[in-house]
Amino acid sequence: MNFFADAFAYILDPAHWAGDTGIAQRIADHLLYTGLSVGIALLIAVPLGLLIGHTGRGRSFVIGLTSAARALPTFGFLLFIVLLAGLGLAPLIAVLVVLAVPPLLAGVYAGIEAVDRQPVDAARALGMSEWQILGRVEIPLGLPLMLGGLRSATLQVIATATVAGYVAQGGLGRYLIEGLARRDYTLAVVGAVLVAALALAIDGLLAVAQKLVQPRGVSRGRARPASTRERRSSRVPAIIRTPTTEGNL
Amino acid sequence: MVWLWNNLGLVLGLAAEHARLSAIPILVGFAASIPLGWVASRFAWLRGLLLTVFGIVFTIPSLALFVVMPLLLGTRILDDLNVIVALSLYAIAMMLRGAIDGFGSVSPDVLQSATAVGFAAASRFWTVQLPLAGPVLLANLRVVSVSTVSLLSVAALIGKGGLGYLFTNGYQRAFPEEIVIGIVFTLLIAAVFDIVLVLLGRLLLPWSRRAGRAA
Amino acid sequence: MIEFRSVSKRFPDGTLAVDDFSLQIPARQVTVLVGSSGSGKTTLLRMINRMVDPTSGTIEIDGHDIAGVEPVRLRRSIGYVMQNSGLLPHRRVIDNIATVPRLTGVPRPVAHQRARELMDTVGLDRSLAERYPGQLSGGQQQRVGVARGLAVDPNILLMDEPFGAVDPIVRSDLQQEVLRLQRELAKTIVFVTHDIDEAFLLGDRVVILESGGHIVQQGTPEEILAAPVNDFVASFIGSDRGKRRLIASERRGRGDDRVLIDAGGYPVGVISAPGGKLASGSASPRSRSISNKTDQAGDA
């Protein structure tokens, strides 16, 4: 427990926040890596996920991609790419984007897929165009689940950016890596505490966002009115549903 | 490939350690999530609490948890237990949602008719609820299995990563082939585990086969 | 008027849902398509608003081939009511009803005003306007669905087993609402059901379908009951079980009433028999009412 006390002392010391290798800079690095890669991944995954979810085609592709992404050891993949493409921001961001796309894609697709087909069919029969159906029915009803995918992807990226401290210059992972390398256990715990706090903070914000986008009139975790009596098991395969970050609480 | 033949002993040894260090957490995760999931599916307040607690655990990046585990357990840093406990916690966190859903998916009508027929609570659990929750549990277990096998390699940074050693070693020696071999063997272990689980599922849950693929 | 001409529909997986179907659906009447599952009745209905397009044949509305009309525009001019109402769960009742008018550009206050009037028409309390569908009962949701279908005052109203998911008492209420609405508004209603009693109750014309959309018999309820054309129809309407053959039993009710039983001996109702002579009445649809009184009976 001594190490925890030392670590907190380290964190609370303002001197450690300043400078190129200070806490502030490293948090900023970490946020940059995360924000940039998730942002780019969104540009790829959202249109693709909406298309696949709305048309229903390409379903097996999403399932296959998600399974493959889950199986791939991200650490090994990262080191492999860096070895080939060199150190630097671009290869790192590229790897993070590649890792973020599958859970994002799965989340967007799952969000649309889980929407009750009846309102969608009714909307079409009433005379909404496909775009209107997407924008007025499927996306509003699917948004909570999609944000679940975003949470999952963001966590994945934060974790990988941490591990990337092995090859990168910046980010909170550096505390962990340097601490382990120099047998400075306090430093390692500093890294652990900071990165855990960052992850929890960002996940917390996204969780709040997930609750905020829950459409009124629809009970939490479901994209259909609460009064339908039959209990329908989700059509979204378990392999896609993001564990513990989907509609809980 | 030449390197592989020359170092087959090393690779296979690492693979065995990888299998061992990931199999235990998977089993622990499964075993622990059953009672937790069952209890959580019955009591709503417990459900919220458990999901919150394990949600927090799941959110913490793995390297941080690996580093901090010796402090919490009082072990030395190179102790197997650190990695096993940390991965078990992740496995439970991943399985918990699935277990809750699985037990929740058992139709209340079926449960009521089981009681009406004369099943006591305990035997009802073992002979009705658990088997019927089986397919969902299995599907989630397969996800947990794959994720755990993959996650273990990160522990190479604290010296206990199984095949993850090939990643750091290959990187340090600027030898990408070694990394690739590490990836391939990790995938192989994940595949073997998955096949075992699928076969177990076919054996123990024969009725779910006709209902289509579980995942 | 809606006309089907040699319409066939083969789905991509090979099933022939409709095989060479031709029918004229008269305007301003209720036409019921009735049959068991697989008879193609829902497919036929959904071809009218081009939710499904035929693989061959044409469908004309008032003489125009609908294949030439843009589907979205067509659907906005036809009312559609489905089972389980299909309401948008994240929109309030009033917004659900006003959906199509808003789509066609009607300003919101006007659309909402019309929506409230429609709530009166379908027998919904106006206080429900701000609620969400999830807060309504099944019967109330269905009424909202009907109101939504009527929102642009379409000539044609398509109803796809709309009362299948509600309990019998509510279903009976809703059926009576349809009859009352039709008396007021005189729309062209195409109604799909698997329930022959519902068909006989609501239909001015009843079309009995077999698998593949084959018309086994069509006509007014009276025509079909009087002369089922083959064993399939007889079985479908219950003639073979004696359900439709009624006899006045010896058991007396109030006044001149005698208990009416079917050929199987099951009690069905009472019939007035003043002076030993059975009361008779007019079978014209126009003389149908929800009334309990037998004003049309007892011409003696």
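Note that the chains are named A, B and C in the order they appear, and that numbering of residues resets to 1 at the start of each chain.
The criterion applied here is as follows: contacts are C-beta pairs under 8 Å (C-beta built on N, C-alpha and C of every residue); 3 or more make two chains touch, one makes a residue touch a chain.
This is a predicted model, so every value here is computed, not measured.
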{"item": "Chain-level touch network, classified as line, ring, star, complete or other", "value": "line"}
{"item": "Label of the chain whose CA centroid is most distant from the centroid of chain B", "value": "C"}
{"item": "Interface ranked first by C-beta contact pairs", "value": "A-B"}
{"item": "Chain whose averaged C-alpha position falls nearest the assembly-wide average", "value": "A"}
{"item": "Approximate Å spacing (C-alpha centroids) for the pair chain A, chain B", "value": "20"}
{"item": "Chain B and chain C: spacing of chain centres that average the CA atoms, whole Å", "value": "54"}
{"item": "Distance between the centres, which are taken as Cα means, of chain C and chain A, whole angstrom", "value": "50"}
{"item": "Multi-partner residues of chain C (at least 2 other chains)", "value": "none"}
{"item": "Junction residues of chain B - those touching two or more other chains", "value": "none"}
{"item": "Complex contact set, residues of chain C against chain A", "value": "46, 49, 51, 72-77, 80, 82, 84-92, 99-100, 103, 132-138, 141, 148"}
{"item": "Touching residues (chain side chain A, partner chain B) in the complex", "value": "1, 3-4, 67, 70-77, 79-80, 82-84, 155, 158-159, 162-163, 166-167, 173, 176-177, 179-180, 185, 188-189, 191-193, 195-196, 199-200, 203, 231, 233, 237-239, 241, 243-246, 248-249"}
{"item": "In the complex, chain B residues that touch chain A", "value": "48, 51-52, 54-56, 58-65, 67-68, 71, 77, 93-98, 101, 105, 107, 136, 139-140, 142-144, 146-147, 149-150, 153-154, 156-158, 163-164, 166-168, 170-171, 174, 176, 179-180, 182-183, 186-187, 190, 213-215"}
{"item": "List of chain A residues in touch with chain C within their complex", "value": "116, 118-119, 121-129, 132, 136-137, 140-141, 215-219, 223-228"}
